[in-house]
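Some notes on the structure that comes next.
As written, the chain order gives the labels A, B, C and D, with residue 1 at the start of each chain.
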Amino acid sequence: MLLNQFLLLAAALFAIGVYGVLARRNGVLVLMSIELILNAVNINLVAFSAVRETVDGEIFALFIIAVAAAEVGVGLAMVLLLYRNRRSIDLTEIDLLRG
Amino acid sequence: MTELLTLAASTATGLPLGITEGGSWLLRNAWLIPFLPGLSFVGILFFGKRMPRGGSELGVAFVGLAFVLSLLTAAAWIDHRDNFEGEEVHRAVAVAVAEHGGESAEGHADEGESAEGHVPGHPSLGVHNTVTWFEMNDVAFTVGTLVDGPAVMMLVVVTLVSLLVHVYSTEYVAGDRRYTHFFAFLSLFSASMLLLVVSENTLQLLVSWELVGVCSFVLIGHWWEEKPNSDAALKAFLTNRVGDIGLIIGVAILFFTVGSALPGQFGSFSIAETNALAGTGQLSHTALVVASCCLMAAVMSKSGQFLLHTWLPDAMAGPTPVSALIHAATMVVAGVFMIARMYGVFFEGFSIGGSSINLMALIGGITTLIGACLAFVQRDIKKVLAYSTISQLGYMVMALGVGAWTAALFHLFTHAFFKACLFLGAGSAAHAVHSFDMKSDMGGLRKVMPHTYRTFVIGSIALAGLPPLAGFWSKDEIFVGTGGWGLFGGTGGNGAYTFMLVMGVTTAALTAAYMTRCVYLTFFGEFRGHGTPHESGPRIVVPLWILAGLAIVAGFGNLPKGLPLVPESLQERFGHFVEPVASYFPGISHGTPSWSLATASTLVVLSGIAVAGWYYFVKVEAASKAAGESLTELPDGLTTKYPLARMGHTFLVQKYYLDHLYTDVIAGGTKGPVAAAAYKIDQDVIDGVVNAAGENAVKAGNLVYHRFDQLVVDGIVNNSGRASSGAGGELRKIQTGKVQDYAAILFASAMVLAGVLIVIV
Amino acid sequence: MENLLDGWGLTVATFSPMVGVAVMLLIPRDQEDRHKLVALVTSLWVALVSVLLLIEFDIGHTDRLQFAVDKVWIDVISSHYSLGIDGISLPLILLTVLIVPLCIVYSWNHFPEPHNPKAFLILILVLETGMVGTFAAQDLVLFFVFFELVLLPMFFMIAVWGGPNRRYASLKFFLFTLFGSALMLVSFLALFFLTGAESFVFTDLADAVAAHGVSRTAQLWIFGGMMLGFGIKVPMFPFHTWLPDAHTEAPTVGSVILAAVLLKLGTYGFIRIAIPILPEAAVEWAPWIGMLAVIGIIYGALSCLAQTDMKRLIAFSSVAHMGFVMLGISTLTDFGINAAVMGMVAHGLITGMLFFLAGSVKERYHTLEISRLGGLLVQAPRMGWIFGLCVMASLGLPGLAGFWGEFPAILSAYSPANGVPVETFRTFMVIAAVGTVLAAGYLLWLLQRIAFGTPPEEFADDPHITDTSREEWIAWAPMLALIVAIGVYPNLVFRLSDGAVDASLHECLTVNASELTADQAEALGCADVYNISVGDGHGGDADHAAAGG
Amino acid sequence: MTVPAALQGLDPLTGGDVVVAQNIAFGILSVVMVVAALRMVTTRNVVHAALYLVIVLAGAAGIFILLGAEFVGVTQVLVYIGAIVVLFLFGIMLTRGALGEDEEANTEKRRMATLVGVLVLVVTGGAVLDSFGDTAVNRSAPSLTAEIGDTIFSQYIVPFEAVSVLLLAALIGAIVVARTD
């Protein structure tokens, strides 16, 4: 197996995740897409650690999984808050930063 | 680069600079003279308002002190000139020029003998004293004093006129809105002018040059509540800035050109070194030509030479004392003095010797003519004097152009007195009638203002140049100096400047004529103004008489050589003491005076007076009698009779339309269309690109970012309003405030940059 | 004391503002006086430390890095925590630590809306750390960190306390600068990788480039990237459009800091990083930089003439003035770069003052429309005279600071360094000289409209229009004094900068070609690169001027 | 290198076949993952999206195992599929009705997102291909969980603690943000 195939797979997932983050209007779906991105990264890390025959990469992957869990928790909480305040989780309606 | 230094030093033999570090205490410490007025400026600025007489006493005291000091300095110089036996400063130069420099120095000597009777072989070493101002790149930039003939002469003139004007002003501007500020800046001006006079290097010259400019700006705009005044001030300052381009560039060129001849040093501002090296002819001639042309531009603006003279008449918006001091006697001659200072450069640059025409002489000649013509058509007495000042400055520049250095400075010397006298007289008259308009508000003042009348007439005659008053002698010397008068059987001079001679003589006639007109309109006929004018007080009259007296006697300072009944020891004293005989001064030759020329010029002047006198004192007088009122011109004059004459008259009244050219076309153009266009470009093109392209098109035209922008930004702003790219439009659209759009930009930029990095590494 | 300074002086000077910030974070927001006090004391303390540094600074060896610290910082990317100052950084640091307290004093009693002194002062202190750090850093990564640290506070200052159009202006400012610095970072990395230097420390990089040289094209690319990054900050001609908006919208103090210090980060980058590390590329780029510089001079001046808003006019005048600075830099001569350093200091003081004045005018008249103003000299004589002085200084009147940035720059353009086209630069010299006239034009026009004349009736008897207040005097007096002092005795700056500048320039640039013999040129071994034609300056008749110094 | 032990037990394969098997496995997994991912970001039904996410995550777990990182794979299944997705589903249910059928964002947005996505894919893919020509992954043995444990608790102890603090903070934060009163 070549390293490239894993990296390319990761790249593809990453790109798709980016698309999701940018294109979806539903907050929850955006969070999901972020998970996709994180997974792409994980694949890279694990692949590299497999090449280098060390466990560091895998450990980082584990950390990322943990952090992802935390992130989803907080993220969903915010979505809920949003929903409670605006009865909507449509990100395109949230433009408090508009200049 | 030490080895280079030694190498250069070994090959170099000292070039005599014609200056010395020795000399008496007074000469070495001439910096005191500018320092005193400077002190009074600070003093007046901070304490003036609290003083009983608003700080004027401080100004008068310090300037008076400076005057006394300059007199002492002059005395010290007279002693130094002939009796100083000190060390001359030599400068190591890259190319060996010992015999060259020596030759030129000794060339002076025997010219001195043949042409002028200097003490044989006794050079007049300028007294040189410097301190280091700042150092850069191993070059020490100094500030200091170079005291020699011209400097001392100027010191005396400036301090004297300045003192008189100070005294005069105490009455003239009494109770003015900004009495204190007026005196403060009068002092600052004196300080800057004196600093300019004793400048030892071109940088210092440049600094003081700009300082006198700004003083004139402030003083012209003294009554800045009225827009015309501030406009005039702006005009003066900007015109001078235009000339300063020339000064800056010229100084830069000279700096490096001289540096190329000095080992181990990339430039030098020193005036002595510059002139001396120019004399040796080892500086590139091209550089000298370009430099002299640039400096000439500066002279044109500062000394009101043709094309850049238009600011001077407007400058009359300032208080009359200012006009007298700055715009007649001292500041405007700064340009002339600068030429005289850098004469080595100009002499080589314009190759004055042995030529028959050159830029400087031409400009001077034209100026003197056009100035005189314009003086005819003025109603405002100060404008008459202003244009006559322009014309007289033209004389000086012309004289320098034809190589009559001494004559030029002598004319500067005498002109300072009689022109100041005239201005102060005009001021006194105007003070009485509260107006400067000769035709509507003056006339017949001779009865009520006897002192003003007499002094003004004396000044006018001196200006017209009738013997034996001051103007005659200096003007005559200039004619002699042109050397272009073979038909009068003269010899000598630096070339055959016949053309200049013709211009000069014509102007002499014109001058006489317009001064006659001015005198008539002001003092003869019946009073046309309102109220009852009365003679001014002593603090105005006394300076008038002093100046008038000087206008009479100043001419005797430089009686021509070989004048009968005059002992040898009294001839050409001015030339002897003022004209440097040193290697920083070119070897100019002097024309020999001739009776025929003097007679001719006198006759010309008389004819001028005769014509104008006949017109005014006979015809106009008669016409007024007939009309029963005091006329100022014939009801059926030339201009009414002949359309051609009328056209000419209009042409003059419009000042050759130069003002329209500058103000409306050039200035207006720059300020209006051009600037607007530039700004529009800025907003619509550059900023428009930025806005339209979002942050990525900072490098508009760079394909990558541009395309990226088209995609992303367009995607965001759904292509709307791209056409209407008023400032703000597009870029604000990027700022939708939506997180996702920012994220898009973030990702995309990151990727693009990553791509760049991949490409580069 | 000394050794303490040697080791810690710079670190303290750089990070004490952060301590102040920490303290202020703990103080509740409503205790404004306490915040002001802390901020002021902190900035004064920094100023004190810097003055001590100045006192201990060895004037004899301005070319040497002093108070240097060099510790391994991030080993992974071989970046060091390396601080140090020489004659170029010192004046700018002093300028910074002078401006900051003055700004705090100035805004003492009138903070722009929305008030909130706590946040405002914290931002100012963070800015101070960033600015001082940038001038002191000797390591590319560290430099970059500080360089960017400056960005955010300014962004918020404009975006929160700015004028009506603040969001647009702040975003524009942010994106522009970010874009520039991103490219800059790229070129830094490229430089590091290509040279394979053992660290990001400037000297290491320079040695690495000199030793196993980078390919010429790569050098050009890298220099180009840096040029963009620094040029945007300066701002150089095509990249200047963020400046007027940022200045117009920013609160007074923001404009002052922006004009006085932030713009200098760019030019400082040129002098400190781009030119010493990549001399060959510098020679190649010099004509282009010079061209952009003179375009900026003329073009900024013209835009000024078209302005109707006082603050915007002053902002555009910065474009023109920084043009002179860039011209001086682009000559690559000791003379020109000295002029540039002087120009930076002078422009910092003068334009800073002008923005202060604009702020005060705005405060009194509630407008900056030039057409509506007038007669300042009547209603507030002192302020009017101060304004006049600053205008004169800004148009480069000799005897005031501005002149010493302008004139030497023009002068140096007459004979640029070896290998730089002489005729081109002489053309630039003339154009720049013309620029001085335009400068006089718009500045005097401004002076006439603002100060001269009689006040328009809408303000004729407005009680709020008072003369200079106490805070203003305290804030302005030092700057005015410095403007005059430097103008009268420029050595104050030149003596510091000269040695350092000379050392920062490659010998081939500065050697006097006209006095080189063939073998000396051979010994230098750069005759080909800098096409030094031995025996004469640059050929041609008028060009016997010794190139460079 | 590693393959599921069962496969190894039945009949020993030669190295070559194993490589083939792995590549086949990888091919299937990757195709499934990419397709699922695409559906996930395009489907209109939120719940379906969550389920597609499950598929992708499972695929990722498979990839991990294929790479011999069994522990990571297992963790992936437990944490992601077991916890996070459930969390998501809760989120979806709690916000149900906000926009049940997530009608797609407007075309400009999608266009932009597509372009950026493609850009990302191109650049990263280019970089990858440019950097690692034909580095092969052939791992002698799967990494031991024990080894991972030792390393975490020795070398990476500080980050580990940090992460645990982070989780705690996240927990509290989530509660504070989301609580009703």
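Quick note on the criterion: contacts are C-beta pairs under 8 Å (C-beta built on N, C-alpha and C of every residue); 3 or more make two chains touch, one makes a residue touch a chain.
What you are looking at is a predicted structure, and each value in this text was computed from that prediction instead of being measured.
Taking each chain's centre as the mean of its C-alpha atoms, the one that lies farthest from the centre of subunit A is B. For the pairs A-B and B-C, the count of C-beta pairs in contact is higher at B-C. A separation of 76 Å divides the Cα centre of subunit A from that of subunit B. In terms of their C-alpha centroids, the spacing between subunit B and subunit C amounts to 36 Å. Subunit C and subunit D have CA centres that are 50 Å apart. The mean-CA centres of subunit A and subunit C are about 42 angstrom from one another, to the nearest whole unit.
For subunit D, the set of residues touching two or more other chains reads 109, 112-113, 116, 120, 124. The multi-chain contact residues of subunit B, meaning those touching 2 or more other chains, are 732, 735, 740, 744, 747.
Counting partners per residue, subunit C has 167-168, 171 as the residues that reach two or more other chains. Remark: subunit B residues 732, 735-740, 742-744, 747 touch subunit A in the complex.
Residue ranges of subunit C in contact with subunit B, taken from their complex: 165, 167-168, 171-172, 175-176, 178-180, 182-183, 185-187, 189-190, 193-194, 218, 221-222, 228, 232, 238-239, 241-242, 245, 299, 302-307, 334-335, 338, 375, 377-378, 392, 397-399, 403, 407-408, 410-411, 414-415, 429-430, 433-434, 436-438, 440-441, 444-445, 448, 451-454, 489-491, 494-495, 498, 502, 511-512, 514-516, 520, 537, 541-546, 548-549. The residues of subunit A lying in touch with subunit D in their complex are 1-9, 11-29, 31-33, 35-36, 39, 42-43, 46-47, 49-51, 53, 55-56, 58-59, 61-63, 65-74, 76-81, 83-84, 87-90, 92. Interface residues of subunit D facing subunit A in the complex, by the touch rule stated above, are 19, 22-23, 26, 30, 33-34, 37-38, 40-41, 46, 49-50, 53, 56-57, 60, 63-64, 66-69, 71-72, 75-76, 79-80, 83-84, 87-88, 90-92, 94-95, 98-99, 102, 104-106, 109-110, 112-114, 116-118, 120-121, 124-125, 128-129, 132-140, 143, 147-148, 151-152, 156, 159-160, 163, 166-167, 169-171, 173-175, 177-178, 180.
Looking at the complex, you find that subunit A touches subunit B at residues 18, 21-23, 30, 91-92, 94-99.
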